[in-house]
């Protein structure tokens, strides 16, 4: 199922996770196995409640699996978290409203003990990366939703985490802005060779961005298909009208529909 | 029956036994009166209740009543059941106080709420400042109990012979640990519990007649209480709505009260009145009343009642 | 279980602290009493003891520690003294007796409930006015806040006198003071609650061309329920305090306030403490009762 | 009777004026926002004055506002003395100690869930103790001067402040906390960089509630024993002397001081929690 | 620009709307002219802030234009609102949490004074229409997001409004559920011949549903293109892979991009 080309950065083997809730236990993940290699761009897609977020949180060490093994860079995720191996981008921008944009981006740098000069340096660099250089002194609520989302991506990029985990980062944006951010994200990925885990609901987005698309299905959450993308690393936006693209999109949609109907 | 509402100046206790006895024994009924006795309390100013029409007559200490009169509330003393003052200052003997001049530099608890006047007059007569310091006394506004003395937050506190003094003794203090100064002995005694009504009401003959009957019955109650202190104390206890008073305390209070009412048939003694006014007018730089009151008392009611 | 255990632990440590504090709080009076009874204590005169520290006194007269727990007029009564007084005045006395705390509690409670009803009613009406009239919102709100800075105990006697002078007596003046204290939290909470519906919910009604009163009954009022209950809880506790305060000027009269006053008047600390504890239990029960009502109502409304 | 009638007419007229101002085109300007409540207050005063005169209410029951104002200005030195004693010494020091202690306690309580579940219910119970009962006890313990007043204030403000601060510290969203975890942030970093800033609106709510409680507490405590100055002392003594004008002058001071105190805290709030939706607009 | 085939149900002529805000006035709509005929399914698409919602609200009489004329059924929108000519579906389901699903649907009926029997009748009918017959007694939070959205559509259908206005009704749903609801909405529209105004951010959705697609662009909000769809009324889901479909989608995307770049 997985592609063990080089040693995987993230490796999950028969992962199980059951939530103990008030009435009945919920099996959020069942027998999930997946390897992610250095430099992969992996998208997770699947209907609501299939465990995408849960799986991402397991990788980030925010949730503890109840079964199976999971290693990140060869260590348990919790340790990797403390070693600051990740940048995590949440579904909503989640900026702290009492800090300016620059202040928000500085937050992880302060916590990780970077020097003042280094902090300012990095803030300037990532602000430029996401094209928000003029907005560092503004407060989050003074920016549009799209700009906030870019700021939150900048925040995750500010410290050099090898792994970037993004949970539906563009869910709330309109199609055009989304296209634009997709292009930028691809460019960034190509430049930095980071490993990226990306949750989305949009089939075209998943196909456009990924080297690997993981289709999940719910109750219990499991992986129903893993599709390796044959698309080249260089992807102009209109690649989406190409037959290969439509072919993959079709396969993803079929996988999704299968997951829905047997739920 | 004619209705009369009487406002007391403190909570139900043997200090007001005469009125409760008169009611209980039917003396008011005999005079065709329907009397309601309203208990007072630490924040009730009887003159204010009178002014608001909440009561027809009130009990008050004369300094407070005269001050109210100067404030524009024309209250008139119509009877004076208390002949003698029960007010005194009680001090620890071990503070070294033997005479009023020793108060200098000491801390003294005083009742305010219109009852501070006698003390202020006394101190100004003695030439002692009440603003603290080496040569003055530090005055505390005393709460309702004797704890400031027991806990030595104050060197002296105000007590009534019939109540607080007993409480000090009840707390285990023996009399020879204490020094007391009776206002009566210091020549600064002012008249205590008197019966007052509004001047304008007294112009009404019907009201006057009601008051005559009221005073007559009340005095009958007082004399009965003097003679039967234990029974009077029981009656007070029955009328105590808080359920906090104890029998022994009320019996002793009644005994002490009887000493204060003993000399009075209800009529105000003009000499006592003049001494009270003189004391208050002599109050130094900040006299309690600024001019000789006019018409602050009348003997008409008692004259008619005692006839 | 996990709810009870921490509470028990905290209560237990409070009692421990309390017991530990008793000797230090009461040592001076205890020693004076012992000295009068003929025991030798150090130092041997009350003035020196007044100026000595409580800790030193306890250490130097450790034999007196048991006596500090049995004082008749303690500065700090021991918990068992309060408990015993509560037992006597709550359980042993007939509820109709004037010495029964249940009797006095009921007097206070009846004023509280009446005042709470008036206060809540007035608070809701005022809130409705504020929400529906901009003029009222702008003029009244700042003054409602200012009104809370007036020390109620200071004007309670005057309120009672003024009401007396217009012929209102008995439980009503007490209830009015208790209403004065409870209305403010209700106004604040209710204004918030009535304004809780968002623009979308209001617009929905507009598309139905609903009238103002339909909007009130079908949207604003149900939406305000959680806020209303939250402020009712604060309001009922305030109402109880109001009723107790209002009992003071009435002087030694009935009710828990009267108990506290006469307790203080005669230096009966234990009596004050048991009235205090009883009042707090009463307040807690009222709050619990409202919490229960809240649970039921909101569950029935599907808001929980 | 004429005076009573004119009170009624003025009331209606002023109300009409306010309604027009509040619904008028400039209703949102700062000036109108201040003017409307001012007019309302003035209306109350005028109506009060006219009613007192019209109905010939005795001075010893309710003085007219003009009378109160005259006393207020002629007795300024006494009022200032009382204000210093009660507000600056009693209320303010109690407020600072009580709120400060509650703040620290809240951080402890929040840190240990066991404490939170144990202390908060007990705290609610203790907070229900009426001041009327606690004040005489505290006066007995801490003496007659301002220290006992401060103690009463501490007891009054402690639990509202504690409850609000604890609620505020729990206010962060799961996402905000998870963000800190992805940074591997420790307890203190999370506290200072996330939880305290997020708790600010709640902390200020507690601080605001406490302002009025502090003043009332300090005044009421003086009823149970005090030196011969202080706002509560003056109020109770003046009632006894039937100097109701002085009573009301003190109440005016209390209302002014209380509102100003509240206003200062509200201003501080506006400048620290400018980011909160309720302040943005 | 418009299609005056038969007399339009909704007719806007050079509509202007400027919001007076604290700092500067915002021109939300500028010179908007559009005719909508009986039975039209009109989609509004455009970047965030281009005035889609504002325009819909104007039609519903919830907002008053500052210039131009707008008539609904020949009367001013406000009057039409009072005549209860509309059903309005908001972006979020906006069900009242204290009412059951049936209670929510009953709400407009109560307000409009239908008899009890009639109310129950209609509730049963529309619940069936949106396939929620078994859920009438449930509370909103007991239903999934998609079911809630269907309930809110049922609420708008319960009284016989000729015009249905829907503001991004499916924005929060995942792609599969969305497809399903799209199909149902089309079927309903075909059956009832209502006039529908529909705001969306999704190009495929707009193309799939509409007889007429209105592309808007921001600052100031205006109509930049109106595309009449040549697709037949009968539309299976896989029509989306047809060349006509892709062609229209492409045109819409071009229109959108133009609006974005000149903003």
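Residue numbering begins at 1 within each chain, and the chains themselves are lettered A, B, C, D and E in the order written.
Just so we're on the same page, contacts are C-beta pairs under 8 Å (C-beta built on N, C-alpha and C of every residue); 3 or more make two chains touch, one makes a residue touch a chain.
Going by UniProt, the chains are A, E = NitT/TauT family transport system ATP-binding protein; C, D = NitT/TauT family transport system permease protein.
Not measured: the values here are computed from a predicted model.
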item: Neighbouring chains shared between chain C and chain D, ordered by label; value: B
item: Label of the chain whose CA centroid is most distant from the centroid of chain E; value: B
item: Contact-richer chain pair [B-C vs C-E]; value: B-C
item: Chain closest to the middle [Cα centroid of all protein chains]; value: D
item: Whole-Å gap between the CA centroids of chain B and chain C; value: 34
item: CA centroid of chain A to CA centroid of chain B, Å; value: 86
item: Approximate Å spacing (C-alpha centroids) for the pair chain C, chain E; value: 55
item: Contacts with 2+ other chains: residues of chain C; value: 75, 157-158, 161-162, 165, 248, 261, 264
item: Sites on chain B at which at least two other chains make contact; value: 42-43, 45, 48, 51-52, 143, 147, 151
item: Contacts with two or more other chains, residues of chain D listed in rising order; value: 61, 136, 140, 223-224, 236, 239
item: Interchain pairs in contact, sorted by label; value: A-D, A-E, B-C, B-D, C-D, C-E
item: List of chain E residues in touch with chain A within their complex; value: 47-49, 144-145, 174-177, 201-203, 241, 246, 250, 256-257, 260
item: In the complex with chain D, residue positions of chain B that touch it; value: 42-43, 45, 47-48, 51-52, 64, 67-68, 71-73, 112-116, 130, 138-143, 147-148, 151, 153
item: For the chain B and chain C complex, residues of the former touching the latter; value: 10-12, 39-45, 48-49, 51-54, 92, 94-95, 143-147, 150-152, 167, 171-174, 240-245, 249
item: Contacting residues of chain C [partner chain D, same complex]; value: 2-3, 5-11, 14, 25, 75-76, 133-135, 137-143, 145-146, 148-155, 157-158, 161-162, 165, 237, 240-241, 244-245, 248, 257, 260-261, 264, 269, 272-273, 275-276, 279-281, 283-284, 287
item: Residues of chain D that touch chain C when the two form their complex; value: 15, 18-19, 21-23, 27, 32-33, 36-37, 39-41, 44, 61-62, 114-119, 121-122, 124-134, 136-137, 140-141, 212, 215-216, 219-220, 223-224, 231-232, 235-236, 239, 244, 247, 250-251, 254-255, 257-259, 262
